[in-house]
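What follows is a set of structures for review.
Common to both upcoming complexes is subunit A, partnered first by subunit B, then by subunit C.
And now, the complex of A and B:
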């Protein structure tokens, strides 16, 4: 099985270069989680949080390393915000320990913790100017006035806020308020900055800008950022690693590329990006590949990184962009199924093709709209063939 | 406004306001009456106001009233603010419902009952009744109003603002004085004004809680009226109405400005984020 895994890994690396969701992985070569001798900056040890009967966070153990941009991703109510609030000190874990930089901070109140948080609502002090807001944390430390002014100015410069220094929060736009909130969170130069849905209130265009700003600030300050978000695209864009949570449990912790290419469960595959799922049973194992008898009568050949046994129930998850769509039956394809185009979603650079197969399954394929295509364009009600190589899919047992 | 204008509406509003305010208007007009007879108009004069200044008993009563008002409004604002913070910020704690019920009960409790029970308490405890018992009684019944006013504002404001302050290193005490109090200040001011006004014109509870040597203005007026209404009473009542009106208007103004501001902030936030 080890051989299969290694080969599979190569295959996914190759395919992520071909059709991955990101153009280039940021901080390539940055992978402190692979270094076992490096101590983590944040360690959650068996953290559980119960509100009466409801278990918000269930036995989470997680290491986060210095200079990481770590994302906690999941639908609302999955416990990601509660986990972050426990790190900030606003909630007390029912069980478990929180360790920051080697020190157990489980019993410290929020005002003694070496973390600063940026709130979803920004939580700016309405009665203070932008300067006053950013300098608030430094004043609590009793820092001399001239030093405070210097640090405030530095933070304002970093976020282009100098011209708003004397304004009150209610005289600022949403985007400007968001930048003040970020400046306030980094002004104390904490080792860890927590971001609770920091861009949730911005419109899409502004949000993308702000994502890159977050990444820029994180890189220039060299701070550890932990972001909570329900937006998978946002997590993929900014994070070095993503922890996907579902119902209070950590489901998978991996790099964005890994999560996309090798989702551990059907839930993650569906939550991150689009996916086609074929259910079936394993019919044969051999030569690094397994064969799956799909429920609807097809037989697929695919590589598997999961150890499986003959007769086991599995799912084959296939990303739409890994499926080739053509008018003619491909001559030498391992996996090919015919179908009829039911719907076309034209998105400019790419098109989604929703194809109904003979047994009635709906499969989505994705194709780039190359400008000078010689082929006859695929249109509604066309009979087409879908095919994919053995390394295109992921076998899910969960 | 104009769309729904009709003679029926105009008539009913005129009649309604007339019913409510003609007696007060008459009192104000007759306080400027030249004649000693309250019901006969004999020309304009301010002589009753100047004779007030020579009435030592009335002046004493006024001074007691103001002192009681200042002390009780201040104490009940502090206590009411603390009660409101407990109710809004402490989450669910055992006995919360009972606590909130007990805080707000005086709002609906008949004044006679409050007054009588306080009197019984003071007698049982052997307190000398006078200035301090009146003040204590006023604190008891104005505190719930202060709590209601402050609670409304606290419920309105984002708890994460306080969390942010603590997150940035402010202790709970610093958070309260540097963040919470400045934000709720307008409501604390209107709570004080409201308590002061209520204390100023209270008659029933004061009558129960008072003792020799401590007579408030409403009590003085009431006892004099039993001997016959003099224009002097009209004059002092007019002054009292003036003070109460100004207090209530101020409280309303402060609250209104605060609501407008938070409304503006909200609109701005939404407008900016689309």
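And now, the complex of A and C:
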């Protein structure tokens, strides 16, 4: 048994936000990746990028579809930014092809690619006004002046920047600069907008607002957005699909819900949200369920979609909110273990219970504080029982 | 008590540079200015003071004439010397800018680890005396000098080059001598430019050459401005380079001033020439200071 409980606060936010806008978003029926006849708008084909002897991106093959809000997620140095920069044309892949809308753009310079990027540092031109910055891309095309003014005004209107039109970037706040950078990236109406850690410089509150603004802009313009972020919460909030990268390799590409509920590896399970990990060996297989002999003598029964063999080393990953916590031993639970409450994290709407189940082993359970007053609240040092059904966990072999 | 001591301490700190300027700039300037109002004489020193404390200030003012100044403006020699100096300084400044910009750009784009070495190489000539370096140019430029020999060996020219003692040699000397003063401010402003700005420009459809003119060059303008003034201001009054490398056709006010002072021994007139030169240079100096001020303010 082992517990990963580093980012309690973050996980809470991620799960609460997921419950909010994600399910309500009009994208609930949006799943072009499930349609095999639909051509992708971006296709990476076996992309590898080496810097001297360091492999930044290792044989990445990935399809991204029109109107997707696609997130490349991973810790810093995992190659996600390099992949994005190769799509923008700032880096040349060592191997592989980049195809946009059916056309191989691998050899096109940045200024000929149908993508526009929003930079992490915003990269606003300090000697130009807000208008000048937003209209820069349009001026390169030699568009007539009145048309440029129209398009700039439209972009400024969309991001509520009209009152700052004549200001220089250094006269704007961080949040305003971020909006100018976004307006500049969408002003040319590119087919694909690339966002490289676009909200990294904003404080938490502003970042959440900006995330919803990004989603609104993406939906109203119908543009494909590809965002690079190391913030799992941000990826979960905005993205239609997430590609998790680790050390230059794509580990999993799935919807936020899938990534959360069915993480492919222990690394992803731990990277996105909180998770309890029980290590053990498979002792029996039958009727869609497997039995796992956990390290400290417990036996767990769980569903498994992964093909496993008897005697194989596996992990059972359990999200804290899927574990029930109670004072009494449950009468008919498949999986139940006793323990002692060691710590309680009260977060208002929910509480985290850190339960010691054996010397040195802790399990985190999460419970919504649904009732206004509880007769016998679970408290420190209470003996409790933890239990979960067969379909609560995920069996990980990686 | 301590606040008062603090205030006093601050006053000393502020006073020090002003005192320095008073002793080594303002007082000498007034001595020169006073000299310029006096009359020339065969004496030691070779002028008659028009102002003496014993006669009082009233007599001085009543006798005050600006004959040296009216003489300078009346004589086309001096006016031409001023104009020619400004022209030579302006052309040299532009040439220096053209040579320095690619060098500074290369330095700013070079790998970080190389930059201190490149900077060192730019400053290195200062370790040798300025005069010796100008004499070295004589050896290079004279008709039987290294440049002629080299080009004749290569078969590019058959006749010795006539560069020495021409205005061309003066341009070469000024560009060579003042190059570091142009490179350093240019490098400083180019090096500050965020490379992501150029990526952003290209991403938005600007070709590299256009991106240079739209982004890099405008953002390096403070450096261009500072560098140009740092070259232009001393070049106007340059004496050594036109004296050693220039010929009889090279008319520069520094040389005129020297002739007036040492050959004609007309101290009052030479002083008047110097005062006018300073006034002419006040305009670019004020511009330079205002630019530095703006730079500091926008840098915050």
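Just so it is clear, the second predicted complex is superposed on the first by the 366 of 398 C-alpha atoms of A that agree within 3 Å, B and C clash if a C-alpha of one lies under 4 Å from a C-alpha of the other, contacts with A are read in each partner's own complex, and residues count from 1 in each chain.
Going forward, a residue touches a chain if its C-beta (ideal position, glycine included) is under 8 Å from a C-beta of that chain, and two chains touch if they have at least 3 such contacts.
None of these values were measured; they are calculated from a predicted model.
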| item | value |
| --- | --- |
| Side-by-side fit of subunit B and subunit C on subunit A, or clash | clash |
| Touched partner set for A:285, first subunit B, second subunit C, both or neither | neither |
| Subunit B versus subunit C as contact partner of A:202, first or second or both or neither | first |
| First, second, both or neither for A:390, with subunit B first and subunit C second | neither |
| Partner chain(s) touched by A:165 [first = subunit B, second = subunit C, both, neither] | neither |
| Contacts of A:119 with subunit B and subunit C, given as first, second, both or neither | both |
| Contacts of A:326 with subunit B and subunit C, given as first, second, both or neither | neither |
| Greater residue coverage of subunit A in the superposed arrangement, subunit B or subunit C | B |
| Contact residues of subunit A, present in both the subunit B and the subunit C interface | 88-90, 109-113, 115-117, 119-121, 123, 125-127, 136-137, 140-141, 170, 184, 188 |
| Residues of subunit B defined as touching subunit A within the complex | 158, 160-161, 163-172, 174, 178-179, 182-183, 261, 264-265, 268-269, 272-274 |
| Subunit A to subunit B touching residues, read off their complex | 88-90, 109-113, 115-117, 119-121, 123-127, 136-137, 140-141, 169-170, 172-175, 177, 184, 188, 201-203 |
| Subunit C-facing residues of subunit A, complex | 88-90, 109-113, 115-117, 119-121, 123, 125-127, 136-137, 140-141, 170, 184, 188 |
| Subunit A contact footprint on subunit C (complex, rising order) | 194, 196-197, 199-208, 210, 214-215, 218-219, 298 |
